[in-house]
Structures are given as C-alpha cells and as structure tokens.
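The structure's right below; bear with me while I get my questions together.
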Amino acid sequence: MPKLNMVQAINLALKEEMERDGSVIVMGEDVGRDGGVFRVTEGLLEKFGTERVMDTPLSESGIVGTAIGMAAYGLRPVAEIQFMGFIYPALDQIFSHAARLRSRSRGRYTCPLVVRTPYGAGIRAPEIHSESTEALFCHMPGIKVVVPSTPSTAKGLLKSAIRDPDPVVFLESTRVYRQIKEDVTDEEYTIPLGKARIAKEGKEVTLVAWGSMLHRCLKAAEGMDAEVIDLMTLSPFDEETLYRSARKTGRVVVVHEAPKTCGVGAEISASLAEEAMLYLKAPIMRVTGYDAVIPLPKLEDYYMPDVNRIKRSIDEVMKY
Amino acid sequence: MPKLNMVQAINLALKEEMERDGSVIVMGEDVGRDGGVFRVTEGLLEKFGTERVMDTPLSESGIVGTAIGMAAYGLRPVAEIQFMGFIYPALDQIFSHAARLRSRSRGRYTCPLVVRTPYGAGIRAPEIHSESTEALFCHMPGIKVVVPSTPSTAKGLLKSAIRDPDPVVFLESTRVYRQIKEDVTDEEYTIPLGKARIAKEGKEVTLVAWGSMLHRCLKAAEGMDAEVIDLMTLSPFDEETLYRSARKTGRVVVVHEAPKTCGVGAEISASLAEEAMLYLKAPIMRVTGYDAVIPLPKLEDYYMPDVNRIKRSIDEVMKY
Amino acid sequence: MPEKTIESCNITRLDILSETGEADEALMPPLSEEQIRKIYALLVLCRTFDHRALNLQREGRIGTYASILGQEASQVGSAFALEKSDWAFPSFREMGVYIAIGYPPYMLFQYWSGDERGLRTPDDLNIFPVSIPVGTHIPHASGAAMAAKYRKDKVAAVAYFGDGGTSKGDFHEALNFAGVFKAPAVFICQNNQWAISLPRERQTAAKTLAQKAVAYGFEGIQVDGNDVFAVYKATKNALDKAKNGEGPTLIECYTYRMSDHTTADDASRYRKKEEIEEWKARDPILRLELFMERKGILSDEYKKKVEDEAKQKVDDAVKTAESVEHPHPADMITFTYEKPTPRQKKEMRDF
Amino acid sequence: MPEKTIESCNITRLDILSETGEADEALMPPLSEEQIRKIYALLVLCRTFDHRALNLQREGRIGTYASILGQEASQVGSAFALEKSDWAFPSFREMGVYIAIGYPPYMLFQYWSGDERGLRTPDDLNIFPVSIPVGTHIPHASGAAMAAKYRKDKVAAVAYFGDGGTSKGDFHEALNFAGVFKAPAVFICQNNQWAISLPRERQTAAKTLAQKAVAYGFEGIQVDGNDVFAVYKATKNALDKAKNGEGPTLIECYTYRMSDHTTADDASRYRKKEEIEEWKARDPILRLELFMERKGILSDEYKKKVEDEAKQKVDDAVKTAESVEHPHPADMITFTYEKPTPRQKKEMRDF
C-alpha cells in the first residue's frame, strides 16, 4: 500500500470522487494551474479540465455563494477556501444560505457542498493563516464540521463529505498536511460522518481531540492508561462514544488549539456535565489556545497547547 | 423619574453620549430620516445633523468596515446592523479587523466601536430576523459582547460600551424592546462591562440568563428559592459572580434562546465543570433553542425556551 | 497627447410603451394578441393578490408583507420572458415573479403567514425560496448559471434584487463571477427608487445602476420598468444572449415602490406624497390598458372578466391557505439535515 | 429612436516617462531636481530592501515574504505624493510605501520575521498595519476619509490593493461608501497582472480595472505603473481633488509582479519566462536612470553613492532587527484589550 501524507490522501480522495461522479467539481483560488497553495488539488486540472477544476477570482463569498447555486442545480462542488482565516467573508453564505436551503425550501432544494479549508497554527505562517475557528461552524444548524487527523481518515472522511447530501465544512490541519505518512489504500472506502474513533484505548482518563491536537494527545498519553478519542466529526459529534469513555474513565481532558472561551471544548465539557457528570471523578479540564489573537511565528509555540500543558492537566485530573 | 421602555432608554443613552462627546457618531441603514426600523435612533438626526447621524448604503461589511476606519481615526462610531441576521457579512470586519487592530498594531491603533443590533425571536418577524448568535462573537478575542435585559441596564451598559476603548457587540432583544417599561433616570450613570447582576437572590438553584430569557427565568423562579443571574456582559463574562452563586446553590440551569450546541450556555457550563464542579450537587442543565434554524412565526413559540421548559429543568436538578 | 482614452462605454435606456399607451412599433417585441392578454391578466392578478395581502395583514391574518404595487410590469414583463426550464432567484419583493411563472398563490399567502411550507417550490418549477438577506442570493444565480453551462443545458439563471441590493458585496462578487465565466445569467435590478428610507441617489453616486455592469465587462441596460413591453424585450434579449453563450446582462428596471416598504413601515416619515402622485401617472397597468384600448382588444366586459377571475383565484388561494393544518412543531427540526442528528432526535421528543 | 444613451464614460491612461527615459514635457509634473533625486534614492532603497529580504528568507532569518520587485515606481511614486498628515492603508505587498513615507526598515524586517512589534507604527506616521486578508482594509480608508471630512481636517486616506483585491465585496462596498459620502479617499490598485496564479484577465472580464470606478460614480484612471512620474502625478491630482472636497478617485497602476507571489510560491508553475523578460525592459528604475542621464543628473559616482547608502541603511536595519530581544510570551495576550480579562490574567500566569 502506498504511504501518503494528508495532502496526497486528500488529493486521492478528490480524484476518486471526481472519477466516480461527474457532478463533483473543484473550485477555489489557485486550485487549478497552481494545484493549490498546498498542492492538495495538484494534477486535477490536467486530469479533469478547466470545466471541473475552476480557478476563481479572489472572492470567498463568491466562491461559496456560486457553489451553493451549483449544488442546488445538481452539482457537488468542493470549494476550497485558501486558508481558514479567509472563510469569514463567506460565513454569511455558509450560515444564511448553505445551512438553511434544505429547511427553507422544506427539502425541495438541498446543498451537497463541501467547503475545504486548511486550518490551524504550527507552520510559521503569516497573520490570519493559523485560524482554528471550528466552533463558529458547530453553532450553525444545517452545517456539518469534519476535522481529520490522519491521512487515511482524511481520505475516508472527505469521500463521505462529498457524498453527503448536506453542506460540510472540512478542516485540514496545515501542521499535519506533511507531518505524517501512513498506508492509504487506493481501494474504495469511506468513514461515516458523526462517528468518533478511539485512537488509543485506556481506562484512567479520556483525552478528546481532533486534527493536529490529536497527535499531541497521543504523545502526552504515552506510558499511561489513557484513552484518546479522535472526534473526527465535530458537528454532529459522537456523544455516545464520548459518554461511554467518560463513564469508563471518570476523567476527561479536552484539547484544542482554538481559544478557550466558547470553543468546541466547551460544548464537549457541557455535554458531559449534563449527561455524564455523576460518573465523573474529577473536574473536566480544557487545554486550549489562549483567549487571544493567534500570535505571529515568534510566539506561536507558546500559544498552542503542547505535550507538557496536556500532561499537566492530566496530572491535575489524576489527583482525584 | 420617567418610565421608559428599552427603545427609549437606548435612545436616551445615545443622545446623552452624543451630547457629551462630539466624536460619537451614529451610522447604519435607516437610522437617520427614518429613526431606525425600531425607532431606536429617532430624533437623533434632527438633533445632531446628517454629519453625525449617517444613513448608509445597504452594506453591512461597509458599515462596520468604514466604522473601523473612523474609530482608528479618532471617532467613536455606534454602528447599527438592522437585525442580527444581517451581521454575518460584517463578521469578517468585526473578527479580522475590529477585534485585532489593537493587538496587530501593538496598541498604536485602537477600535472604540460599538456595533448595535436587535436580536432574538418572539415578535413574529420574517426569516433571519430572529437570530441569537451571541456565541459566535464570544469566541472572538478582542471583542466584548453585551446583552441588556432591562431598559435601565440597557442605558447604563450602552454608555459604558460607547466609552469602552475596545469594540463591543451590543445586542438588543427585539422582544424586550417594548415589553417592559421602568424608571430610567436621565441623570448620568453607567454600568461596568464584565459584571453580572443578581436579578433575584436565592439559595437552592442558580439560573443564568441574559436578554429576553432573563424574564422567563424570573417567572420560572417565582415562588422558589432560586437565584437568577443576569449575565449582562457575555464576553468577558463575570466568572466570579457565577462561581460564587454556584458554590452557594450547588445547582445551575443556564437558559438561552440560541441553539444548544456551542451556544454560550456551553461555555458557562464548561467553566463551572472546570472551576466549581466539586460544589455541584446536580448536573448542569441547559435550556436552549433547538439545534435547528429558527422557524417562522407559526412555530416560533415552540422553538424558544418557555417558562415550563425552564421549570422542568429546575425540577430535574432539584431532584439531586 | 499620451493621456489617451483606453475604454469607453455607453449606457442605453429602452422605452417602448408611453404613459398614454402609445407603443414604438419599431421597438415593439413580437407579442401576439393572446400573449398580450395573458400579460394583462397576470398584471391584474398580481395587483389583486397584492391588494389582498395588504388587507390580510391589516386583519392580522398574515404577517409582515412587502407590497409590489407599481412594480408589476417589471416583475411580470421579465418573468413572462422566462422558459419553464430557466431558474429564478427572487428577493422577498418578487411575488409578481412567482405568480407569473405559475407558483400557487395560496403557498405565497402561506409563507407570509409564517409557514415555511409555502416556500416548498412545486417540482415542476425552478424558483428559489425568496431571499430575505438583501443581495445575498445573487451569487446563487451565477452559480446555477455556471452549472447549467457545465451541464450544457440551454438554461439561464435570473436573479432579482433591488437598488439597495446593488450596494452589497455579494452583488459585486456574483456579477464578477458571471462575467469571468461567461455564465448564462441575467441580473434584473428592480430600481424602485427606495431602499426603505434611503433614496436611490444616496444608495450610490453612480448616475444609473445599469452602468455598474461596466465593472464586470458585460452589458448593462436601463429600461422603463413600468413599461411591460420594454421589460419583456430587454429580458428576452438577455435570455437569448445568455443561452447563446454570449454571457450575462444587467437590466435596471426603472420603477417605483408605490407602497410603504413593508406593512411594518411608514413611508410618510421619509418621502413626499407628491413623489407618489407623480408616479401614479406612470402606472404600468393603466398604460397597458390604454394600449389595448387603442388596439381595440380591451372591452369593458373583458376587463371585468379578467378582474373577476383574478378575484376568484385570490379568494380561492386565501381559502386554501387558511385551511391547511398547522405545521407540526417537529418540522422545524426535521428539515435541518437529510437525517436528524442524535441530539435532534432527543429534542424532537419534546413534541 | 427612444433607445437612447443616458450615460457615457471614458477611461483614460496616463503615460509620461517612456521606456527609453523620454518624458512628455507637457504632462511632466513639477518636480525639482532634488525631488527627482529623492525619488530615485527611494526606488533604489526599496529594491535593495526587497533583495535583502529575499535573501534573509532563503537563509531562514525571516519568514514568508512578498517581493515588490517591479512595483517600486507604483509604490514610491504614489507614496511620494502623500503629505505627512495623510493616512495610508497598505496591503502586505506595500513595503515600498512604508519605506517611502519613512517607516523604519528594521521594523519591516521585524514584522516579516514574525514579530508583531514590527507593525507598531511610529507615532508620527499615519500608516495602518498591513492587511493580510486581501481587500478587506479598503473600507478602513473610506471610513478614515469620512472621519477626516467630519473633522474638517485637510487629510486624505489612501488604500493600496492589488488586481485580485478588486474582486472582493469589500472593495465594492468601500468604494461605494466613498462615492456616496464624497470622502477624501484615493484608491490605488497595484495591477501587477497576477493574483498568485490567476492572470488579470481571469480576475475580471472588465477590460481595465480603472473602469470599475464607473460603478461608483467617480473617476477612474489607469497609469503606467512603471512610470514613477505618471504615478506621482495621478496620485497628486487625486489627493488635491480629495482635499478640495471633490471626492474619491480610483487609480489603476499598470505594473508587473517580477518575482514569485511570495517566497512560498513557484511562479514557474503557472506563467511563462517570456512574459517576465518582456517586462524587464519596462523596469521602473532603469527608466528613471535613463531619464536622469539625459538630464545629466545621474553621474556614476552619484549612482554608486545612492546604492551604497541604500545598502548601508538595509545593513543597519537587519542588524537592528536581529538584535531586538525576543518578545515576551505574555505579549500575545496583553494587547487583546486595553486591560486583560480575569481569564486572561489567569492565562498569563503560564509564562
């Protein structure tokens, strides 16, 4: 089996889905000739032509807005926003239209749209190139939010997202893009949305993470009886798996790189506080980015939760 | 003392601040000649002229974007977004610029901007006129979020927001606008941002709410020993007052009309689960809107948390 | 001198039917007597519907409503040029477009009474649910047009929006996409001179809205929006052009909002009665009636017949709308996704 | 016939200095020999800075950097027309503007090395931190201009953005506001023919970018962006016009991005070498040198002196930039609000 990094795995997923279904098209800034600034769409233009791989004007609301029209018409657009920091101008289209088209038209029109975008810090990028605002999209009924943490899950999840009849915001960690290589089969497989993955089994504490933070959790969990959950789909998230694990371990630490306040960690913690509190032995801890604008490269490393900060919180909950 | 409703109280706050400080200007769609679709800015154009009360083109990003430039130049713009459902096109300006101008320029430039907007359901309004997405703005470091629940607090809070050196999103409940009248002095007073208010003292359970939901909580709390906290400022929120009350009562119910998932209730619950869990006798319950697009008038009442739903959750936590 | 002109553009205006009912034969589009009768009946139906909607709102039987009084020709004239396979993307003030393409009027009453089911477009029509956020639906038309082009369907997408809508970033991005991808799209601006209380000249410093097309490298034209023949002709030409792969067109229908912005508005706060009086003389239906009389195709009994039929249709629509059963509360959750989430399933137990 | 023209517009292009260094005396702006020397020195300083930045990036001493090679005249020529009291709103590719108005070069290196402190504009300058999100800063210029007008300050606000920036909704909303409020704003588009891999003709179907001003009812003009005199003159005229209350202007500087988009980009993937070669002949500095030689104000020793001074300044800047102490981690929190929140105070204990 070929060893692929996440960029290659996502590229493969796109290729397979475009071959399978002529209604799948790719659009965005520099996704064609240039193959995308991270090379995720490399080779697609050559293979599928400019009709299916569209280099668009510099226009995020226009990209998502036109993609909504295409999706309603019957296509399955996969729109790329070059960095998550540039998705905000398209937020109105995502929230006011993509998320609501099905409900507003009582099912007559649907929006099978995937908005792919690289997210997160950790690659010494310029300002506004390190955003991790998944929480905003998890507060939008009608939108699904997916964040893969590995090449093989990225491939299976993206294929499911493309086939999903509803709009999906698909977040790709720039840090993970070329960090890991693993076996990724080019055989047909998908990973269902809405289901989490136990990345490591354990009995004493549950770590919950997604995307790039999963790997730091696994590192922090080394040598202890910790269970690590890769949430994969943040909205709707897999409550069952989460509660089952929490009931088993009685201790939970949630980790994400977004700022703490109103991050997705809050929802996970609150859900536990509502549904599983009686089983909990310790407070639910959150290890997150600070309530601050993500700093430029010189301070980036201080901003992101690292293995030590995660370990400290684990030690904290293990005290109970 | 004159009895004023919230529309009149906010109008008075604007008038007082504009008289006090020539750098305060009001801008937005229909805020001038028309006095605002809810009449909140009524009479300001006549009193202060078109230079200080600007009817703008239909252009939310333009309204906030130009207001940021004005604020940096030295004015104190109070920009109105006609309904919260139309703030999303301006979200990029609020989040990428207003929220970051101070940190990006390391304090050289600041953004003393207030973005006022009517929010919430309950007045049989058309689609997208009943949004309650305060949570999005609470996840934006650099932004403050204020939601008054009464005429007199609205006046004091808005005056503080206008004088605040940083950008404030100020949410006004359309439902409360004309629902209550109370004594509002036209004497000078302000209410500090970041502090909550105990609307009702109690010992057995803590209800946390803001804006229109506060009144339903007070109703639900009638005849029981419940403490009701009016959060007033959602970001940064008054953790101290919240924890103190939770430690006292050991039971907390958070109420908001926004959808449950990743709403502000999640943050409040998660903060308690982290900081006060050991004092809690019962799970932390959230009574919220459903994870769905806010329906049109015919179903609106089923969507919003009502006194009975709040009571049911109180009974639930009182079981412990 | 090397300060040379490198680009010139002219914005034209099309007028065919005068206020006194005279049509410029040279410009008159090829419409049969029957078609003209059809157009007339639609105009009357629209006005009857609109009038009733305003009454129903006053009686508290529907919610806030946005009247189309005065804009009937802009809406019917353009919609009449559409083929069944074309896609329309209306704003909230396009009831005339819905009616002209055959959308069941009762569903429109249903929508305005606060019931989403009224927006469930019948399967044989291609019209989007109204867009409440101004201008934000224009990119959808560009996208649908791009999709039609990709599918090689002979289909055009038409977006309707107001003068205020032209100030939105989405207007700009949508028209720019349509220009770049030479999409079969037609952008119809209903310039009714007002955006709630903001007069047209404060909406933009541009002399015309049609000239905004210059920014996107395609044609913009202004038409007398109260002249149903001019509106029809400009739209028909634009649609043909679009379907022949010649790209998009921006049409500014120069018309007037005779009513308050909505039933929640009081226009007397910001505009003069005189202005409204002036525009009364330019009424689009009156004008067509004068034309038909000249042509001898408008007898009193025919006129009465048309009005009675319209009244009957609207009466029936109201009856049907008010007889549909109340929506089920769970409906508000059911249509969020194809399948409800686990949390939504739990939530639905409340009902 | 009543299909009449109701609006016409012409877009002009200004050229003064030819590639061979001949200036059109009739159009030549009134610049003293000393001013021309100053401009020349600035152009050389910009190129020296840019060249060094590219080297530093290769050596890993700064992060991703966006080169201004080829655009020096567009940036220096326009910035040279600014008065100290005017406000500038640059994009990330405006190092030439910063340098021309006297921003300390070491702070620019500091910023590109990933240190926010490099963006703390000195108190005596009025330039905004670079805008990374393309086009989103243009409304700030409109707003500052509106504020200046309200304050009755004789101040103009200038926004810089690229060809790609013209496709953003914020470009549209910003220029429309400026037009409606007749704000003293100047919008300078650096049309360098590329937006990363997207060629200008795919960015918009409009023949020129200058003509986009037609949509907002004010003047748009195209200038040869490699002609420092044309750029200076157009900007000076626009600034005077703005300060005289005659409203905004859009200036399209027709230039070329000689380098890759940024150091993270490889332009050979999407554009031909030939194109770059063609533009080499139009080099803005070469052109000015030829002009100065003709005028006999460019001796070899003077040239050398200018280059040495530039090199010295850049050397010093690098030294200073690399000698500043590492920022304190708490800084990332300190500047969020005037005062840290209780939660932030807790967070700062981590450092």
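Which chain is which? They are A, B, C and D, in the order written, and residues in each are numbered from 1.
Operating definition for what follows: a residue touches a chain if its C-beta (ideal position, glycine included) is under 8 Å from a C-beta of that chain, and two chains touch if they have at least 3 such contacts.
Note that this is a predicted model, so its numbers are computed, not measured.
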Contacts common to chain C and chain D (chain labels): A, B
Chain B and chain C: spacing of chain centres that average the CA atoms, whole Å: 36
Rounded Å distance, chain A centre to chain B centre (Cα mean): 30
Geometric centre distance via CA averages, chain C-chain A, whole Å: 40
Residue numbers of chain A (touch at least two other chains): 57, 59, 61-62, 85, 89, 92, 96, 103-104, 127-128, 141-142, 236, 261, 290-293
In chain C, residues with contacts to at least two other chains: 116, 133, 136, 167-170, 173, 176, 180, 202-204, 331-332, 336, 341, 343-344
Overall pattern in which the protein chains touch one another (line/ring/star/complete/other): complete
Complex contacts: residues of chain B adjacent to chain A: 61, 85, 88-89, 91-92, 95-96, 99-100, 103-104, 127-128, 133, 135-136, 138-139, 141-142, 235-236, 258-259, 261-275, 277-278, 280, 282-286, 291-293
Chain A to chain C touching residues, read off their complex: 25, 51-52, 54, 56-57, 59, 61-62, 64-75, 77, 89, 92-93, 96-97, 101-110, 141-142, 144, 165-166, 194, 236, 239-240
Contact footprint of chain B on chain D as seen in their complex: 87, 89, 116-117, 119-121, 123, 128-129, 133, 136-148, 150-151, 157, 169-170, 173-174, 176-177, 180-181, 331-332, 335-338, 341-344
Complex interface listing, chain D residues touching chain A: 63-64, 92, 111, 113-116, 132-136, 164-165, 167-170, 195-198, 202-204, 264-265, 269-270, 326-327, 329, 331-333, 336, 341, 343-344, 347, 350-351
In the complex with chain D, residue positions of chain C that touch it: 1-16, 24, 26-27, 167-173, 176, 179-180, 182, 202-208, 210-212, 214-218, 222, 247
